[in-house]
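Quick heads-up: structures coming right below.
One chain, chain A, links the two complexes that follow: it is found with chain B in the first and with chain C in the second.
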Partner chain A sequence: MTLRSLLRAAAAGALAATFGATAAAAQDPRLGRLDPGTRPLVAVVIDSARAAGLPTEPLVQRALEGATKGAPGPLIVSAVQRLAADLGRAREALGPGTTPPELEAGAAALRAGAGPAVLAQLRRARRQTIAVPLAVLTDLVAGGVPVDSAAAAVLALAARARDADLVEFRRSVERDIALGAPPTAATAAAAAAADARISQVNAGARENRPGRP
Partner chain B sequence: MFEQSEEAIERIIRHLRRPVQVDPAVDGRVMDEIAHLPARGRRRAARAAWGWLTRPRHVALSPLGGLAIAAGVAALALALSGRRPGAAPPAEGAQREFEFVVVAPRAATVSLVGDFNDWDAARTPMRPSPRGGPLWTAVVPLAPGRYRYAFLVDGSRWLADPAAPRARDDEFGAPSSVVTVGGS
Partner chain C sequence: MRGPARIAPAAPSAARPATSTRRAWTASVTAAWWLLGLRAPAAQLTGTVDVGVSTVHYDGFLPSGAAALTPVLRWDRPAGTLAASGTYLRFESGHRSLQGLLAGSFFTPPTARAWRGEFAASAGASRYLDFASFWHAVAGARLHILGAERGLWIGGTAGTTSYGTAPRPVIAADVGVWARLSEVTLRLAANHSQVGDTTYTDLESSALAGRGPVALEARLGARVWSRGGGRGVYGEGSATVWVGGRTGVVISGGRYATDPISGSITGRYLSAALRVRSAAPRHSFARYPVAPHARGADGASVLPAARLEVHADRNRAVRLVVRVASAALVEIAGDFTDWQPVSLSSAGASTWEVTLPVPSGVHRIDVRIDGGAWIVPAGTTRAPDDYGGDVGIFVVP
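Our next item is the complex of A and B:
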């Protein structure tokens, strides 16, 4: 072995060690709770998401959920991959300036069955963050409300309702369904009541506004 | 010689004592000049102060002096950031406390696990409710967002929160719930 080849091997070894150390440092220490076979696969998905500008914390949390619940490695990897794909679709629908909570809520709404067009409409309808409207839409669908009815109700309220109004609307729908009302009818009634309440509050605010000279 | 100089003095005195004829327009001219003089007072003082403040100066500082000033500024910044009695709480991202409650009769331990505590069963143990009975409670501060969570009973049994929406994507075979924290 010549001196040149020795030097080349030493340089390659140093480079590999440096890259390995960097990768290990970049990896989230919380992923140490995953089994050794699952960890690198999840890390690859997370790194890809990071490179694509997607939030990685929801992916870490989904992997940790799987680990804590004792799910098999392949199931954890596929769940993290699916969530990463949903986050990407949500960003496509909502636009590049979307915040991580909005993307996470958007991914859940897409998984619940809402179309990208609904997400885009919500984005246009509301000036404030749309994380809560999206979450309410998802929760309504999870509670048995058809996607179209849930989307129509949330879209109708989104422009003027505060987050708290939307959460109260969802509770009202859940209460009525628990009492035996059909989900679609419960949603329509609760949406009408919430709309009337918001209009009343806004009218009150207008009356209380100081007059102009 | 002496006589001549006395005469000269007398002449000068007479010249000085004669009445002076003043032009009546002088008063007007003087007052006009005064009126056109630049105004003194606050404006001028402010301009002078501004000039003093903005004029570049050379400051000589030893390294030790510079370090002392930097340390003082850092200490002041730390002291100010540590106590702000009148500071308003941040509107965006402000945390709110949520009380989680679950009914778990005959349970020895109950943990609250979710996106807010890295799904770590050791982080948020629930306590038997002071109201008694099979109620277990935990209070967690949450920033606006959507969180998945579940209750872990006796380290092995998973329970969803019956009072909250269920997470639709239960891919791991154990139920989870969702809590949504609004920002407005």
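Our next item is the complex of A and C:
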């Protein structure tokens, strides 16, 4: 390849990127909050994600977060690229029909240490959306619960639990850990309690009582 | 009931079954070192080894320097925890002290509202020179009543302890409360113990605080009544700073009371130790259940603290409540506001709120007080934000 052809290819790429960036920026005026040097680079990443069938809203939000926090442009671009890659990994694990909130939660779970197999199991175990179960899984790991214990508990509840039950389950674990219970034991106990409540719901016999504080 | 990892050096008393003590200690050391070579595959079996130096002054003895080795092995199971620990002390004189402890606890699943049962047991022994050995074995139960940010418990313990060949019955009762206030978890407890013909009542308090790689703990107590167990005020403090994932520095010191159950006698100490643990946590997130004071979401230093409460409504409107000690202006920004600051309305003392349409799912949020730095509110999960700071994560069901 000659120098001239290299230059031609580079110019064409830059042109395409510029047009793509301009198009993306035009589609989403919120990107106007980014500085002129960063905007087209972020737009290219967003366009690539869109072309790949990934949700773009999380990417826009990540860029806006950087703008609000005054992050340097290269850092914003890098953060958006990293999230796009995480979303891609999450979709590989969860399948092509995954909703954007599920993909976003899946990306966070993967980054927290959950394996793709756990995500796939969760997908199979639950008919409804798995965004909240994934978020609870991520949260438990953040609270010090070993990934396998957290995954086992969430998987056990995922099939029957409502999102609100899962959020309450997470709160119970958090509080018990603060009380001094080992994270694994707190998770198991809260999962057992949540499972009992869910069974009562299914039997139509749930008491009308406030949830655990 | 004693925890498995006592900060203070072992008292120069304790221990017969000398052989069993030595075996238990040796097993503990071996297991801990074995663990240090692992990556903690399930993170349910963890170990630490402290290697350090102390200066200690037991009542009735001359002050002495000592080298200490303290392995701790902890096994978390879904239904409870088992921990084994040992302490080897070598004093300036060349004399050695050995102490070993095995402790376990089991929490029952909650059966009704906020009640929770706990069963625990511990057994230990210690030995110093040719003094008669101490050993003890006790078991207890507690009933916990849990609140959102506070709780209380009441419990009882029974068992036996022996100095030499004369076992003495142990009966104890304790009651306590705990609360989370801003960055600190506080506990206050009272216990009454009867060990043979020795009877005493202690009031104890403790404060725990931790952020990032630093953990601080302080204890203050008083033996307010005693027959044969001495009286007085005692207090201990410790600071642990993790340097890297598996290595930390522990500085501790203070004065502790005689414990007729385990055989430790009153002493003052100051210790510095290097702590190595079996494996670093595999996740990069960290939960901050209480409000952070220091580093903001943009890495800047901040003073005020805030706590976020999320109240989801059935019609998808979400009321976000921020509690902050004092402020003239409270703002939030998140992925549900396009990261544009939104001012909250004052809703009474220390309470600010706003109601917004926040869709179900995982969300990122930061809080700004009086135009200062963006901070991560307590009540969220703190995670790296890819911009050199942190962000709070919360879930809307």
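By definition in this document, the second predicted complex is superposed on the first by the 178 of 213 C-alpha atoms of A that agree within 3 Å, B and C clash if a C-alpha of one lies under 4 Å from a C-alpha of the other, contacts with A are read in each partner's own complex, and residues count from 1 in each chain.
Here is the rule we use: contacts are C-beta pairs under 8 Å (C-beta built on N, C-alpha and C of every residue); 3 or more make two chains touch, one makes a residue touch a chain.
The shown structure was predicted, so the numbers you read here are calculated from the model rather than taken from an experiment.
Steric overlap between chain B and chain C is present once the structures are superposed on chain A. When both complexes are overlaid on chain A, the residue A:Leu157 reaches neither chain B nor chain C.
By the touch criterion defined above, A:Ala192 reaches chain C but does not reach chain B.
With both structures placed on the common chain, the touch criterion links A:Leu75 to chain B and to chain C. Touch criterion met: A:Thr184 reaches chain C, while chain B stays clear of it. In the superposition on chain A, A:Glu104 contacts both chain B and chain C. With both complexes placed on chain A, chain A has more residues touched by C than by the other of chain B and chain C.
In the superposition on chain A, contact of A:Leu59 is made with neither chain B nor chain C. Once the two complexes are laid over each other on the shared chain, residue contacts for A:Gln128 go to chain B alone; chain C is not touched. Across the superposed pair, chain B and chain C both touch chain A at residues 30, 58, 61, 64-69, 71, 75-76, 78-79, 82, 101, 104-105, 108, 111-112, 129, 131-132, 135-136, 138-139, 141-143, 162-164, 166-167, 170, 174.
If you check the complex, the residues on chain A that touch chain C are 30, 58, 61-62, 64-71, 75-76, 78-79, 82-83, 101, 104-105, 108, 111-113, 129, 131-132, 134-136, 138-139, 141-144, 146-149, 162-164, 166-167, 170, 172, 174-176, 178-179, 181-190, 192-193, 196, 209-210, 212-213. Against chain A, in their complex, chain B makes its touches with residues 113, 115, 118-121, 144-146, 148, 152, 158, 165-169, 171-174, 176, 178, 180, 182-184. Put simply, chain A touches chain B in their complex at residues 30, 58, 61, 64-69, 71, 75-76, 78-79, 82, 101, 104-105, 108, 111-112, 128-129, 131-132, 135-136, 138-139, 141-143, 162-164, 166-167, 170, 174. Across the interface of their complex, chain A is touched by residues 42-44, 76-81, 106-110, 113-114, 116, 144, 146-148, 151, 178, 180, 185, 281-287, 289, 297-298, 333, 335, 338-341, 359-362, 364, 366, 374, 381-383, 385-389, 391, 393, 395, 397 of chain C.
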